[in-house]
Structures are given as C-alpha cells and as structure tokens.
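Note that the chains are named A, B, C, D and E in the order they appear, and that numbering of residues resets to 1 at the start of each chain.
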Amino acid sequence: TGNGNGNGNGNGDGNGDDSGNGNGNGGAGREVSLGVLMPITGDLGSLGGTIRDGALLVRDQLEDAGVDYDINIVEGDTQTDPTAGVSEANSMVNAGVPAVVGPAASNVNFQVVENVFIPNGVVGMSPSSTAPGVTDLDDDGYIFRTCPSDALQGQVMGEVARDRLEAETAATLFLNDDYGQALEAEFVSAFEEDGGTVLNQVSFEPEQPSYSPQLGDALDEDPDTLMVVGFPQSGIQLFRDYYSDYDTGVDIIVPDGLRDSDLPGEVGNDMENVIGTAPLSDGPGSDFFNESYEEAYDRSPGVFNGQAYDAAAVLILANIAAGDNDGTAIRDEIRNVANPDGEVVGPEDLPEAIEMVENGEEINYQGASSSVDFDDNGDMIAVAYEIFQFLDGGIETLDTLDFEAE
Amino acid sequence: MATEQAAEERDADSLNTDTELLEVRNLDAGYGDLQILTAVDLDVTAGEYVTIVGPNGAGKSTVMKSVFGLTTYMGGSVVFNDEKIHGFKPDEIIHKGIGYVPQNDNVFGTLTVRENLEMGAYILDEVPEDRIELQFDRFPVLRERQNQKAGTMSGGQRQMVAMARALMLDPDLLLLDEPSAGLAPDLVQEMFDRIDRINNDGTAILMVEQNAKEALRRCDRGYVLAQGENRYMDTGRALLDNEDVRQQFLGG
Amino acid sequence: MSDASDETHIDEAVETASTSQGGTATVEPESRDSEVERAAASTPRTVPLSVDNLRKTFGGITAVDGVSFTVESGTVTGLIGPNGAGKSTTFNLIAGALEPNSGTVTFNGEDITGRRPDEIANKGMVRTFQIARELPEMTVLENLMLAPKHQLGEDLWRSVVPGARSTVVEQEAELRERVWEMLEFFEIDHIAEQEAGTLSGGQRKLLEMARALMTDPDLLLLDEPMAGVNPTLEEKILDRIHDLRVNEGLTFLLVEHDMDVIMENCEHVIVMHQGKVLAEGEPEAIKNNDQVIDAYLGEDI
Amino acid sequence: MSDTNSDAGADGPLGGLFDGLSRRSSDLLLVFGALFAIYALFTIFVFGQGINSVVSTLRFLTFLILVYGMLALALNLHWGYTGLFNIGVAGFMAVGVYTMAMLSGDPAGSPPGLGLPVPIGIIGGMVAAALVGLVAALPALRLKADYLAIVTLGLSEIIRLTYNSEAFNQWIQGATSTITSRVGFLPDGGAGTGAGSGIQVPSPAGPVRTLFFEGGRAGNPTPLGDAVFAVTDPIGIQQNVVVEWAYVLVLAVVLLGFYWLLSRIGNSPFGRVLKSIREDELVASSLGKHVEIFKVKVFMLGCALMGLAGILWQGSFGFVSPNDFMPVVTFYIFVAVIIGGSGSNTGSIIGSILFVGLLFEGPRRALGALGNRVDFGRAPNSFGDAVAPILSGDITPFFAYAVANRSALVFVLLGTVLIIIIQTRPDGALGGRNEPAAAVDLSTRPEKQPTTATDGGENQ
Amino acid sequence: MGVTESRRLDRHTIREQAPLILVGVFGALLLVDLLFRLAGVEIALTANRSFGGSLSAQRFGGMLWNGIVIGLIIGLAGIGLSMTYSILSFANFSHGDLLTSGAFAGWAASYVVAGFGVVSVGELLFVRAGGGAPFADEIGASIVQAPLSILVGMVVAAGVTILLALAIDRIVYKPMRGRGGISLLIASIGVALALRYIIQFMFGASNRGVVDTTDVRVDIAGLSVNLHEVTLVVAAVALMLGMHFMLQRTKLGKAMRAMADNQDLALVTGIPTERIVQATWVIGGGLAGVAGYLVVLDRGTIGFNLGWFLLLLIFAAVILGGIGSIYGAIAGGLLIGITYSVSLVWIPSDFNEAAAFALMILVLLLRPEGIFSGVSTA
C-alpha cells in the first residue's frame, strides 16, 4: 500500500484525448480474461479476502445481468509474500492472463510488477499498493493503481499529528517492509517540516510473539505521539502489548493498514487514544457499491474494497474496448474508458457501459472509490482521505480531506 | 580346591535331579529376518551351574538374549518353571524369576550404585532395603561406594554392580554373559568365586564364557555351541577332557 | 598344569624369533651396508618410542600419573595392569587421542606430545582400539582401502579434475592389489564385500589389525587384541604378530589381560598400577614380582 | 547391502565415468521412470485445460525438481557422506543470493548494488557462502551432531535476521560505500540488503530470456525467439512458458554438473575419507586423516553449492526477501535427501522428484483439481459451521470448507505422507543403497588363486 | 566416543582460557555499561560512540521482568522437550505444535466456562474462529472475571495435550521404536506439519485476541502488576518445583534417568520401558500444553503457529542448558528470555532474537555440551 516520495500525481490535464480508435471490438461472447492476485493467507489474509471479493463482485454483477462475454477470472494467492506472489503471477501469465487486479501489498506489488508484469506486457492495477515508489516505476505504462500514493498519506498524517494532536515530538513504529518504510519516511519528513521532532524510529517484523521490546524502544523518550504503521494481524498483538505495558497516555496515529473496525475488540480496549487516516472510498458510485457488496457478502465493505471493484471494472471495460486479451492493447484503452470526455458511467450501469464500449462510444467510468481518473503515471488524479478515530469499539470518521492534483 | 570339590559333588547331584527350571527345545531365533540359532536345546535344573562356550559369532549371546525375550522368536519353545515364556517381554520374564547381566554396557553410568540396585527392583512396589543390604553383604565394596556414580567405577566393580542389580529380585536363574571379559587376572578369580557363592546360595546359573577352561572347570554342565547349533553337551569336566572339544574350541 | 608343554613350545619360538630379530637389528646388518644402516646398527637396538613422565587427569581422577617407559624396536612389549590402571589412557595419550596434562612422548627422536592422532599416525605409529571400531556402514574392502597414508586422491582436486584423476585411478588399482593381499593374509577375503558392521567379534578384531597394517606402520599399539576372541583364533593372531616382527621389523606395544599371552610372547613387560609404572622387566621376573602379584595377578596363577 | 557395481572391467582411461555401467543405466531408468510417473500424474491434474497448462505445469514441476535436486545433492555431501548434520541450508542459500544481488545489482536500484557482471556476482555468491561456511565450520565442527544441527539452524536464523535488519542494511551500505568510493570502477553508493523489503536480484534467467526477446521484454522476439515461437505459438503454448522451459534446461545441465562433481567426489579416496568421518571420526584420524581439514573443505564446498543453488532458484524470480529463507526450506531439502536415501547421489535426485511430485506439489494440485472440478457451493466461514451440518447428514458444507481451506490440508497431507514414508521406507526409496567409495571397482580381484586357508585350517 | 569428546574438551582447556577470559571481559564491560546507563552516566568515546548513557531503572526493570516471563514459558516448554530428547533420543520438532494444541484446547475450555450462556458453545469451542464478535471482553476469560475458567483451561490444556501426545506416540513413534534419532526427527517434522495445519484447518489461520485484559493490571504495594503475568509465574514455578520433586524423589524419576542413560539396559533390568515412555509423554505433553496455554494468557492472542515460532527459542534453551537436564532447560529458558529482552539495551530490536541464538552458539563454543551437561538431574 504505499507510495511515498515524489508527490508525483502532477498534471491533471486530460490525457483522455485521442480516443477514437473505434476498433471493431471483436466478437461479443468471447472470453474476457482477468487475474485477481490477492493475499488470501499470510499477514494480510484478513484484508485480502475482502478486497478480492470487491473485484469478484464485478463479474458476478455482469453475469447476473447476462452480458455477452464470458468473464473468466483467474484467482491467485500471494500469501502476502513477494516470492509466492511472483510465482503465482507467473502462473497467471503462463495461463494467458492479460491484466491483473493486484497485488495488494506494496512489497509484493513491486516484485510482481518488476519481474512478471512489465517484462511480459501484462497490465497490473493494484487497488491498495500505496507505496510512493509505484509512481516512478519504469513500467512502459503497464502499471496502474486505483488507490492514492502514501506520499500524500504521509503528509496527511504529519499534519494530523502536528495540528490536530498538537504533538511536538513523535516516535515511529513501522512494519519492516516497503509499505512501512516508505510511509514512515513520508510521515517523518512531513512532521519535521512542520517543526516537530522525531525521536525514536523503530521497525518491527510481522507475527512476532511479543512487541514489548519494540514498544519499549519507541516510547523510551516519552514522545507526544506514536505513529504505528502495520496491519491488523500484527497490530492486534502490538496494541495488546501496548495496553498491557503502558497507560493510555500517548496519542497514537495509524494509517489505512490498521483501519479495521474489529481491532478494538480484538485488542480488548477501546483504543480511544488512536486516531488514523485512510484513503476515502467515496466515489460517485459508492452508495451503489456499498449496497451491492453488503447484499452479496453479508458484510459492509472494508478498506480498498471499492478500489478493487473499480480496478476490475476498468480492466474489463478496457479489455472489451481492446477487443482482445492483450496486455498492450488493454493498457492503451484504460484512459479511454476511465478518464473524462465521454459518457459518464458508473457501477450501477456497467452492462450498459459494456455495450457502449462495444459500439465504440467514448465513456468515462466514475467509480465506487473515486472518479477513477488516471494520470500519466497510472496514479489517481483526485483522491480523498478521511481522518478517523476508534470510538466505542468502532470507527468514527472525524473529517475528510480532498486532494486534487495540482 | 574347595570350589572344585563342591563342583564335583554337584556334578553328581545335578545329573539326576529332575526339577527342570529352564527347558529350551528346538529354539530358532535371530535378529529381524536373520536367523542365528537353529534348533538349540538347553536345560538348566534348579540350582544348577551351566556354562556355554563356543567360537566368536557362534550365537552364545543370542541364546541368552532369546531366553530373555530380546531376539526375534522363530520357532521352538522356551519353558521356565513349566511355563512357556518365549514371546514374553523382558519385564515379564523378570517377574518369572530370571535375572540377566548383559555382556557389556551393563550399568547405568549416571546413576549411583544404590540407584542402580533400586532399578533392579523396579517392579516391586517398595524399595526393598533388606535386599539391598543383602547385596552389600555379598559385595562389601559396593556398600562403601553406594553413593558413587556407577560410571566412574572400575571394570571389575561395574561387573559387581551389574550382578548385584540382577540379584535384587532373588532370581531362580541368573544369566551371565562373559562376566570375566576384560577383567584383570585377580578379578577373574574373584568373579568366579563370587559366582560359585551365589550358586551355592541356591541360584541356578547359565553363563557364557570365553575363559572356557576356568568356566568348565567350575560348572556342573557345559554346552558347546557353534554356528548357532548345539555341538556338545556334558559335564564341565568331561568337556575339558574331550579331545575334539579341546582341539576345535579350546585352542589345543 | 596341563598347558606346560605348550608354554615351552611357544617360548622357544619366541626365543628363536627374538634372536634372529636381534641379529638383524644389532649385530650384523647382513648384506645391507649403506652408511646410514651401519650408523644405525652401531647403536644397540634403537628406541622408537619413549614416554616420559606422562600425566593425565579426568576431573578428579588421575588416570595416568607420571608414567615413563621406552619401547625398543623390533620387540613385542607388554603393557599390563589391573582394570583402570591407565593402560588404555596411556595409549590414547601416545596416539594423540588425548592430550596429556604434562609429560612428553617421543617417537623416532621427535617430540610428538599433544600432536593430533593423524599426524602421529602419519609418522608411522598406529593404534588399534580395545573395543574394535570398525566403520560399520563401509564394506570390509572400503575399510582397508581407507587406511594407506598419503593417497593421491585424498586431494579434492585430484579426485575431480579429469586429467589428474587418472593418476588417482592408477594408485587405487595398486592399493586394491595390496588390500586383497592383506585380506587373504588375514583370511577374511570371503567377507570382503560385507559391511563391516555385520562382522562377528573376532572378525572385527582381525579387520582392526589388518587396517592398521595397511598404513605401513613402524610401530603398532595393540589394545587387548585378543579380548573376547576365542582361543583358536588367538593363536593365529599371535603368529601373525611374530611374522611381522621378524620379517618386517615391526615393533609392538601390546596391552593384554591374558597372562599366558603376555608371558609367552613379550620380551619386555611393563606393569601399570593406579596410573603409575609398578614394575618393568623380563616376563619371568614380572611373574614373580611380589608387588605385581599383589596388585594384579592374584595368588592363583 | 552390497548392490555394488556388478559390472567389472571399467578402470580404463575413462574409469569412473563408465564404471558400473549397468548400475548407471538402471539408475537412469529409475530417475526417468520416477520423473515420467510424476509427469503423468500432473498431466491428469490439469487435463482438459489445454496444452499450455500442461506444458507450463510440467515446467514448474521440473524447475522445482531441479533446484531441490541441486540442494539435496549438496546436502547429501554434508550429511549423507560426511555426517555433518547441517540444518542451516537456508542460511547459506541466503548468503549466496544476497551476495550475488549486492555485487551485481543495479547501482541505481533501491537498495543499490555494485553493478558487476552477473557471472562475477554468481561466483562471489558462491565464495561468500563458502566463507560463511568456513566461519561456521571452524568452531562448530567440534560439536556433536545434535548440537551442530542446532548451531547451524541458529546461524541460519541469525543470517536471515541480519538480512532483515534495517540497521544492518544501513551499516553495510555505509561500509561498502566507503570502500567503493575509493575504487574507481565501482559505483560510489555501495550496496545494501534492502532489509525487510527484500532485494532485487539480477535474475540468472535473464540471459536466457534475452536469447528469445530483445532486451528481455516480451513483444519483441529475437530471430531465435521468432524461430522457436513459430513452432510453439500455433500449438498454443505461451511464449513465456517456452522461455522458462529454456531456463529449466539450463538448470538441468547445472544439475548434471552437480551430479558429476559429487559422484566423482563420492567415488574417490576423498569421498572414502568423508565416509569414514561419518562413521567414526577417531578411527579416521587414527589412520592418519586430518579430519578437520576434510570437514572444513567439505563444509565450504557444500555451502558454495548451496549458495549457487540458491541463486539459480530464488534468484531466478528476480527478487528475494529474508522470508524466503525460513528454516522450513531446509527441512524440505532434508526430506528430499531422506526419502531418496541419504548417502546416495542418485537417491538425492530421486528423492527430489518424489518430494516435489508427491509431497510438495502433488497434494496442492490434487486438491486444487478437485476444487476446480466439483462445485461444493459457498464455503462456511468456520470449521464449526462446516461440521454442524454433518450431524444432520449434510456433508457438502464440510467439503466446501475443506476445498476452500485446502492450503492447510495440503500441509496435513504432506506431514502425513512424510510420516508414512519414514515409517515404511526408513532407508529411502532406494532402500539404503551404499555407493562404494573408490575410484575403481573394488570387487575386481587381482589375478590370484582364491585362497583356501593356507596355514591354520578354516577360521573359527 | 567418550574419548573423542573428552579429548576435545581437554585439548582445548588451555586454549579455551583465552576466549573464556575474552567473554568474561566483554560481559563485565556490558555490566559496567549497564550500571553507567542506569546511573545516567555517559562517557563519549568517539564522535558517535559512547560508553554508558541513560536508561531508567523502570525501563530496565520492565525489560528484565519481560525477559523472566518469556524465559519461564520457554523453560517450562523446554523441560518437556529436554525429557523427550534424552529419554526417547530424538529432537522433537513437533513440540512447538504441542504447545499450540494445548493453547487452543485450554482456551476453548476457558471460553466454554467463562462464556457459557453468552454465545453458543459452538462459537466458544473454536475460540472465535473466523474472527469477528463476540470479543474477548464480552466473554470475560480472565483471571479477574472468571478465575475458574483459567484454572479449568490450564487443566484441560494439559489433559488434551497429554492425550494427543500419547496418541501420536502410539501411531507415529511406537512403530519406529529403536530406530535412529534422525528417522524419528524427520517423523516429528511430519507430525509438526500435520498437527499445525490441522489446527489451522479447525481453528482458522487468523491471529486473534482471546484474553480479556479488563482490570488485570492492579497496584499491589505500590507496584503495578499484571495479574496474568503473576498467574503465569506462579503456575510455571509451581510446575517446575513439582517436576523437581517428582524426578528426584520418585522411582519414576530414577527410572527416567535410567532410560536416558541406557535404554537397552533399562529393558533388561525390568524397567517397563513402554510405560516410562508414556510417562515421558504425559509429563512432556502436559507441560507443553500448559506452557502453550500460558503463552496465550501472557500475550493475549492466539494463532495457529504460535508454538512453531517459539520452537527455535525452546531448542536454544534446551541445548544451552544441556540436553536432558531439567535445570538446564529452566536456566537456558531464563537466559534466552532475558537475553531476548534485555539485549535491547545495546542493540536494535531487529537483532534481539539473533542475540539469543548468538548467546547459545557462544555458550556451546565454550561448553560444547551445554551448561548443565553431566550434572545429573533428570
């Protein structure tokens, strides 16, 4: 999840221009192939399953609507592990998959993209890899994402810590991987730029028996606030250790990775000293999406589920526009179906959108999570963040922030 | 010597005693699939002193182990006190009244002498202090060293520990596998004297020895075993005097 | 005693053997007359092994306590003593399996105290073990092939690099000849391809000696080579020992509890007791030494 | 068990290579028999999914067999031959791969590498693995088997944790950059490990790829690529699958190299000393063999081979992270050696085939195939919900749950099969075969009359 | 063998003095440094290196206490591992998963007792498999809310693990009795895999919070203590003492030592070796089960590979202490636990586990058979 440095989503000027290759969009009824590569087991197992479900929802809806295409989704499990992810991605490529929703975690995403997608000309669109580095990949344009870069989230967190929490000093405790390292770095630079002082910076490993040592290191110098980057699987243990060893005096700030409404229950504490930021999923189609998701899975959608839905939708539309299961052709159609200029479509009228694409009409997909417009780097042009807090054993949104690329 | 006279007297006794203690008939046994013993016959009557001799690899130790339930049984019978015991496990056989002192590695080195003896009576509910005392009377040096780790004792002393442990349950029959091997000459004599005394106390002895001349001199009866089969059986004296036996097995 | 006749018979054999050996070593160098030979011969009987004031403790136990003795070349020297006297430990100290706390071991004029076993073996002093230590999952052939010193193929590169390997193969073929000869000599050729772990006690003892001999030693340390070996076989082994002593000039240091063997085969006997040398001398003198009788032999022998 | 070479007559000039010809050919038969049996099994799993699936599945299978085969051979040198109970294989692989990645990595990458040519990186990786082996060996070889095992395991964890550490990453980057800034032809940035994020490895499969694609990127084939694809495209085999097969063939050649090297070592006086060390160190040294030197040599050689195998395996994915070197990797290799029969090189290869085919991939694919073919409906969320309906006679939810959670069942199956194998074939698939350690056929007897007892009657 | 080892030991006695002194000096330096830190004294050595520093006594006390808590768990688990190691002669790689089994069984029982009536037994039995509500505090499984449930849980953890260990022995190890340690070790890896993933299959893969921590931190005599940690320490120490008396005073203890010494001889002496083996599993399994239960009580979370992750540390403790010695296991456990925790004074937290292994290797280099080797305990 995380994108850190280069606040790279500059340029908003519509690159949606040249659209009209009006290709014949070969026979309806053909197979539209799409990969969904998510962590079903491992550290992100609990998140990955729900994100996958977001993507699968597109297919199920289209099938229910009886569209003319055989939408073949190839699923894969990265086990939250880069090597396993690469191997799984390879099997997808070997099976002829031209485009993939995923991978979820940035550390896996980097490796899969570098070693499999780019060299094989396969389109990768992650719903949740927020690492700043994704922006600058030398990717021949094959790599996209429907979530924002952590370069932004780091700034947001820094601001929240300085302004809302009025912290002078901060310590950080972050997962030792691409996501954690990059987001922490962004946070630190934002916090220091704002005049704060960062004390101890401590990294941690997933699934450790105890995080007391790391907590001790981080809190050694009594910081005003503690920034924690991680995922729920380790977070449960980490926060349990925190509440067992310390009083709830320190403000803690967390990013999207720990936005899990079950967390307070799992930890056995209200966690009311914890405040967080997360990319907001409130695109034009978000209501429709939330309803259909709940209906299909009996639960409300979680983080990045909307982004996954959007990624799947865009890739299917682009595939149909390209007329072939070919990565390069799909790459070239993505902005045509997603960016402005064209008939606005959304989750509620996907079947119609498919017909329009088939007929060579220009469309502009507006999604569940955002308006889904891609810049030159394949990043989102406009995103929103929420500031949330754990309250009464649940999550409450305190505020929302909109970012429009300048 | 006194012991020799005693042995001669017992010779006379034993040949007409009918109280069979151990009766091995037609025994086939070995290790895994490998058969070592073929149709071995062997008898020990109550209170008798029997020796087995034979070349290396003849199967002598295998006979002892077979009686004690430590080999793969392949046929025939082992009867002790009118009860078939082949197929029994060692701890059951101990209950029946047989004690066994293996050829080497026969003490628990990390246990004290006293603990070694206690282990010898494991199957009893209580630690039989009186029997420990009895062994200490038999082997006085063990009383002195009862709290010493058996592993730090000399070769001869270890043999005593091993033998005392096997005697803890007052067995009717004691199996001894090369009790004199590796012992210094004076200890060899001492060991044989002790065995005589134990035998005089009423315990039957079945012994394997490479020190064949001494062993045959002292025992009531002897068996010669070769290639897993019985070759000769007679009183110890007679075997010693048998020219063939001397030539083939006793080194002239 | 009924064995008396045998005793004299063997004694004579030893006598003859030792005189002939003595002749070779001290008096007439026969036809060999190089300078070196003559120089060597002028010193009466060389002393390949000497042990000086060796001490070894294990925790609180002093197993070897100031032992000194020498072994003359071309002899069979006996080392006897009660159980736990320190004989095997002395062997271990000489052969480098243990390092002494103090004292020195000199072999062929060189101080070898505390050297590694392999260094000592390579100098020509090789030992056997009281409890035979065959290499159980290697065949008898492999056991013997292992023994020769300085094999070319023990260098990794020679065994691997295509050109060099042919020299290794050549040497292996030569060794194979010697191994088979040795097996025949010890009459264990019929079990050559068996794994050593399946051998009987006596065959293991033979294998142990054959293997030691394959190293071309000058001096052999034999730790109870006859223990547990049946009497018929024992005689054969002794014959071999004398054969080698007489024909190849080997020197033997022999630990044994069987007094008959010691008395009938050794020219010189060292008696250890409680880690010290108790007595030393001709077999006959030792046999009648009161201290030795007291400590070791017991009255009845 | 003396199934020693039955064929004599082979100490000719090519001795060693062709001795025991019939054994060799029967070995070959065994290896290929096992391989094709596994191939057949896996073809069934993916049957009906088209030729590309079959070819691609078999490629992956073969790839795993080859890399496990290399590692099993290297471990067999340590453990099977010399009795060195090294359970730190993963650590030595890690050293190989990381060193290679740091030497040959992109200087502009994150973390930076030194940008040296890949072959130098590979050699450097092997040397580094050997040196770490040396450092580990010097003190550790004094220890008894069990203790050595735990020490090597601990060491492999230390290695993994070190590569995982951000502090180490920064330190090594600093340390190397102070060196490289003084060496003209090296980039100034030094080289790092990437800590928990892992590290890019210039894939050893890259050169193979460039044979088929210009610049290694799909879409612009070279003339060779064109020629090959002209055949494979019409059959329906993905280009990527073809390229990966080519890399597998390279691995096969390397495996043959391993086998050749280790067989030569095994069939030599050097190997004989190793065997004797395994059996009884004190005997070996009492016969004049400098045991420690042999151990150190073998330890270093084995570690170098493990490093190389690591590079060719993990490195070929283009990326490694410390997680790839968990102790369980070592256990898998051990299992391969043991089910093949330790001490035998052929056994190591057969063991790898059986391990990968029947234990590692087999259960996964079998359950996967089952899941693909039968639709059990939506799986219940928990075991409780899956079991409860059984009481009322409905077992479909349970099956659905089982298929959905097959990743767990695969390991249960793996464990169970492992237990069964070790119970029923304790000496491995080949039944404890002993490959005689000599450069010539020992059973060839010199031309002499077979001895009948000369002087003393028959013995005993 | 005896000869080789003692030779090794012996030859190195003199040469070992040097490393020993070095280690001693290094240890002393660390100690002085620690004292300086506690006193808040810092002496600059070079630009970015200094001796001493500052460390609050409270923080250090916390580290030490944490180390002791971890160490006791490792030690407790280590006793069982060490016993099976010496008596059955193999390194049991499934020991960690016995811990996990005990943890799940025990907590299932605790949940049923504590949460009876709150939610369905089915949900309680699988300890919140699949995650989601009800959360631990609703069920109230804590020493404060439901002390009985904790006690029951501990007993069930021991009981179930014992039965499991006996069943595994019957099915897996018994047919292999007398085989070499390596065969058994490999079989135990198979057992470990099967067990761990059966647990995953039944109880799910997710790590989840199961212990209710409401009000468990209380002030006693001015000290803030965690009652769960106190429970753990009391239980662990009591079990260790119990083990000590049992092995020293009873015939069974001696018989176990005899078995560990020489199995064949034990058989021949009439010691019912099968029963001793079973007794070993009873004790080893029982302690493992309780240790697993206590790990969860301390950490608050449960997951299917909790034991596997601890296994290496447990092995390190057993090896460090000397295989076969229960005191060794306890001492090794404490050493490992304290190193794991206190080493953070000097090194970053990504190295504390490595420090524990490094300590083990260091000790083995100085004492190749472990600290308590040759000291007979049981």
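Basically, a contact is a pair of C-beta atoms (placed from the backbone, for glycine too) under 8 Å apart; a residue touches a chain by one contact, two chains touch by 3 or more.
Nothing here was measured: the structure is a model prediction, and the numbers come from that model.
Taking the CA centroid of subunit E as reference, the farthest chain centroid is that of C.
Comparing the centres of all chains, each the average of its CA atoms, the largest separation from subunit D belongs to B.
Computed centre separation for the pair subunit A/subunit C is 79 angstrom, with centres defined by C-alpha atoms.
Rounded to a whole number, the gap between the C-alpha centres of subunit A and subunit D is 37 angstrom.
Subunit C and subunit D have centres, each the mean of its CA atoms, that are 46 Å apart. Subunit C has residues 97, 200, 202, 230, 232-233, 235 in contact with two or more other chains. Shown for subunit A are the residues in touch with two or more other chains, namely 41, 176, 203, 205. Residues of subunit D in contact with at least two other chains: 164, 166, 195, 282, 460.
Listed in rising order, the residues of subunit A touching subunit D in the complex are 41, 77, 81-83, 86-87, 90-91, 93-96, 107, 110-111, 114-115, 118-121, 133, 140, 175-178, 180-181, 203, 205, 328.
Note for the complex: subunit E touches subunit B at residues 251, 254-255, 257-258, 260-262, 264-273, 376. In the complex of the two chains, the subunit C residues touching subunit B come out as 6, 61, 81-84, 130, 200-203, 224, 227-235, 257, 259, 296-298, 300-301.
Against subunit D, in their complex, subunit E makes its touches with residues 1, 3-5, 8, 12, 91, 93, 122-123, 125-126, 129-130, 172, 175-176, 179, 181-183, 186-187, 189-198, 200-205, 312, 315-316, 319, 323, 348, 350-351, 353-354, 357-358, 360-361, 364-365, 368-370. On subunit D, the positions that touch subunit A within their shared complex are 52-53, 56, 59-60, 110, 164, 166, 195-198, 200, 203, 209, 213, 216-219, 238, 240-241, 244, 314, 317-321, 323-324, 407.
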